[in-house]
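What follows is subunit A paired twice: with subunit B in the first complex and subunit C in the second.
Presenting the complex of A and B:
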């Protein structure tokens, strides 16, 4: 019992540390940057949504299916959330799950024809179907708001002022409640994604990537599993979309376009997809680069292009290959010998 | 009612007739060999039976149930499991993990229980049975090795172990000793015999290597140019004029 407890701690302390740091981020930011801290907190909030998005995209790629419409799935979540909240006043604890269900349904419809294709046809097919959805958003004034999108999406609320459980997410001056809501949902999504990755479904998906013929021979319906992963990835992309809809307060079709999709691919490629940690590192490092290059933003496509190409050339496994190397380096530094 | 019954099975690729109205009856508990020169259509025959290809015409019946046209994964779940002519395995996983994965795919559990449920007990049973299969096939020393690091012979054995992990009733082996040295071949022959004798699994195997087939099989079916040429016990086949002419005579490295 003791042994398994210490194993547990050993495996989870990095994640636990990160969560604790994130939990105290509003206070830390305020201490360091004063009122500017709120602006940085917004960035952190967007970062959390992006991590969920990147992690769901990584799940999608475990079968080897790199789609070009993942941002569309996130957009589905964002639009559904926005429409429900703006036009029907639906509270956030309903909009988020309903948006996820709608996105899963759309994912299913997209995945049905795509599951008949592999490789390049899949890649281009996913682009075409995604753009078709985006076209609908652009052309339908109701309920999607056409090319100008939807604005004034109401901030979430839990109860009314006076209720003991009342939580006010609406303040523009103090966004820490919204930040905590985002953090809780993001951690929830990330834990589920981790469980999935290590479950037998995760193994099955990785096996399909490795050898789909062999999978068929031992009783896996490859087509069905590929549709399933599309829907599951869509579910989590939708959660990210709901978060962004509430954070931004306004969305339009261009938020979910090809450029964004390319950035998502860069995050995941730079971080690596082999382990769960790859996309986290990818989003963190690339968000940092994005912020640091703010003064020369017209050069950003160039900068990220160079980063993508050098990462493919010099570190095809992504930054995640550095994890075992660094841990080994620090272990040697401290002088402890790994026993197992 | 025979165990596996193939009736007038044909498979055309455009103008190419890879299988032409082949009949085959396999009894429960037998080891049946299918031989024929390269390109005779043996692998195609396997692919059609196991659902990887749709037949052009004809039918396949397994234990009285028509399985022709069914999805390959479905046929595998019904107990007809095939291996590949190549060494097919998941290279990034260990021997044990490969076999455990092959068992997972059988378990039809839900996504929700995979995320929230405690799989420990089912998992322990899975691992135990997998280790048993690996031990039974004599791969016990390699149980923790990475599949990609195994020798070719061991990789082919692992392929059989994974097929067995699905608990099949009919095991279909496509050239199980291809590319093996004589020592490895002997191990594989012993393994297949053991699978039939001790576990009662019916075996249908395609083989190019004459000696192996003659040693191993109760009955042999000869295919040439997509058609059934002859059928009988190893002795009958050895002395069949048509077979000698078409196959044995053409290649003096065999027999």
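Presenting the complex of A and C:
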């Protein structure tokens, strides 16, 4: 089946609505919760970075290669951003692209041995190589700060105070500037990811998942495409990492450990990976569960473990399989009968 | 730093290789039958260590009895894994693997709720003192791991080659459909494989309990090493796992002695990457997975 390769999403209004809601979120939160709204805005900011991360992970899985070092790639972006901003005072519009390029280079090095393996060995091979990178962070005190990590990462600024284009992201009390910066970068990344998903590259990656031998025979270099997707996914993971490094202001190797990786897998598995909307649903629903279970902090891994197991056993397609069902249900409700 | 510490280092490496072999063999045998990959193998190891803590330190059983008891207890958890996770997700390796990651979370929370996370549990050493053989000084506690590993691997070999159920297990690993046609019950065999796998991890953890600090997150390091070992050895090959375990044991001990333990882990991972580039099937494996 040929996919329409149009520039924009066919049904654009859900995406447009979501973006508009996000754009007015600071004002909405302020009216609803007053000063507590800022805390909720931080959550929304982390949510945006997580959406970019989950969506890049979903891109990675379109070839059928699930990795266990995606958080490490994100950490690579975060560390590069932090080092450049902290030690060299590089402005954010340079740190974010440079971090992305560095992460792509590291992804390439990791992907070289991994491209020799498929399926399960790829999965745990990526785990071991990711741990290798993490050991380097823990071991080297300069520039990675050892196991205590880097703190006091300066907040980004655009221009000097007094310039007409001056934007200050550094205020601790009013973080709406930082929030808008995050939103712009996240929307940019998500649109690019959507375009990649529907491009010829996206089709090639999906066809590798369906039948890699057939791909070889029609002239798709499978190894090269698998290395390419690893680097592309690393690029977007690095964007998410840069966003989080600026938000948190401090990072250490434990931020990018195995447990966080398992949570990323939970988001993607619960949402589903077949369509673009799966990871969005997954991150949204799991963030909601995460916030609701705040009172039972110590039982949280147990709850998420049960969610992961039951999702894999009872709903292997993820929550996204409910979208066509619900739309069909509502269409039937209003009378336009649709034959499935 | 000279040749005088060489026998000591070799002795340490043999001990470390034995414990790696014990943990990795369990992973390899479960993967061989119907590709059951267990992410939380390290948590089974941890439960084995807690068996010794509870039965030996709290209840005052003899140490040997506690170690023997850890085999059926953790084997039972393995069977539960098989029934609740691997059987419904059969045919999809990654789904089973990720679901066991969730199971690992559950085990960690349950153990820390029952016994607390705070102070590391100390298990007093049942065999104090050490050997003084050929200029090496290894405590009896560590040295005991070697004969137990040899006995258990030999027992596994005997079971797989001489006992009827063991032969059936190997048949299942070779060709599940043909073995079902011969009247072998597949579900029974996967449960058996997970029981053996869990039991090996449990005994490994039980033997390490007096040596390392017992806490709910202790399994993580051993799980990484076990994964590296089975990749290097060839995913479902048991002799490969044993061979790779001793290679990794030697690498880790020698690099740790002469440089640093983190560098030891790093060189182990690099070794795995080189094996993947040169021979993706692993040292003794023949199936590309």
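Here is the rule we use: the second predicted complex is superposed on the first by the 325 of 340 C-alpha atoms of A that agree within 3 Å, B and C clash if a C-alpha of one lies under 4 Å from a C-alpha of the other, contacts with A are read in each partner's own complex, and residues count from 1 in each chain.
Heads up, the rule we're going with is that contacts are C-beta pairs under 8 Å (C-beta built on N, C-alpha and C of every residue); 3 or more make two chains touch, one makes a residue touch a chain.
Since this is a predicted model, take the numbers as computed values, not measurements.
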* Asked: Taking subunit A as the common reference for superposition, should the pair subunit B and subunit C be classed as clashing or as fitting?
  -> fit
* **Which of subunit B and subunit C A:124 touches, first, second, both or neither** => second
* To do: Identify the partner contact of A:113: answer first if only subunit B is touched, second if only subunit C is, both if each is, neither if none is.
  => second
* To do: Using the touch criterion from the header, give the chain among subunit B and subunit C with more contacted residues in subunit A.
  => C
* subunit B versus subunit C as contact partner of A:46, first or second or both or neither -> neither
* To do: Pick one for A:220: touches subunit B only (first), subunit C only (second), both, or neither.
  => first
* Asked: Now for A:211: first (subunit B), second (subunit C), both, or neither, which partner does it touch?
  -> first
* To do: Classify the contacts of A:289 with the two partner chains as first (subunit B alone), second (subunit C alone), both, or neither.
  => neither
* **Lowest inter-chain C-alpha distance for subunit C and subunit B in the superposed arrangement, angstrom** => 12
* subunit A residues contacted in one complex by subunit B, in the other by subunit C -> none
* To do: Flag every residue of subunit A that touches subunit C in the complex, lowest number first.
  => 66, 112-114, 116-121, 123-125, 127-129, 131-132, 135-136, 138-139, 258, 262, 265-266, 269, 298-299, 301-302, 304-309, 312-313, 316
* For subunit A, which residues are in contact with subunit B within the complex? -> 192, 195-196, 199-201, 203-204, 206-207, 210-211, 213-222, 228, 232
* **Parts of subunit C lying in touch with subunit A, wherever the complex brings them together** => 35, 37, 84-85, 88-89, 92-99, 101-106, 108-110, 112-113, 220, 224, 227-228, 231, 235, 260, 262-263, 265-266, 269-270, 272-274, 276-277, 280, 288-289
* Asked: Tell me, which parts of subunit B touch subunit A in their complex?
  -> 50, 52, 71-74, 76-77, 81-84, 88-92, 101-102, 104-107, 109, 111, 114-116, 119, 162-163, 165-166
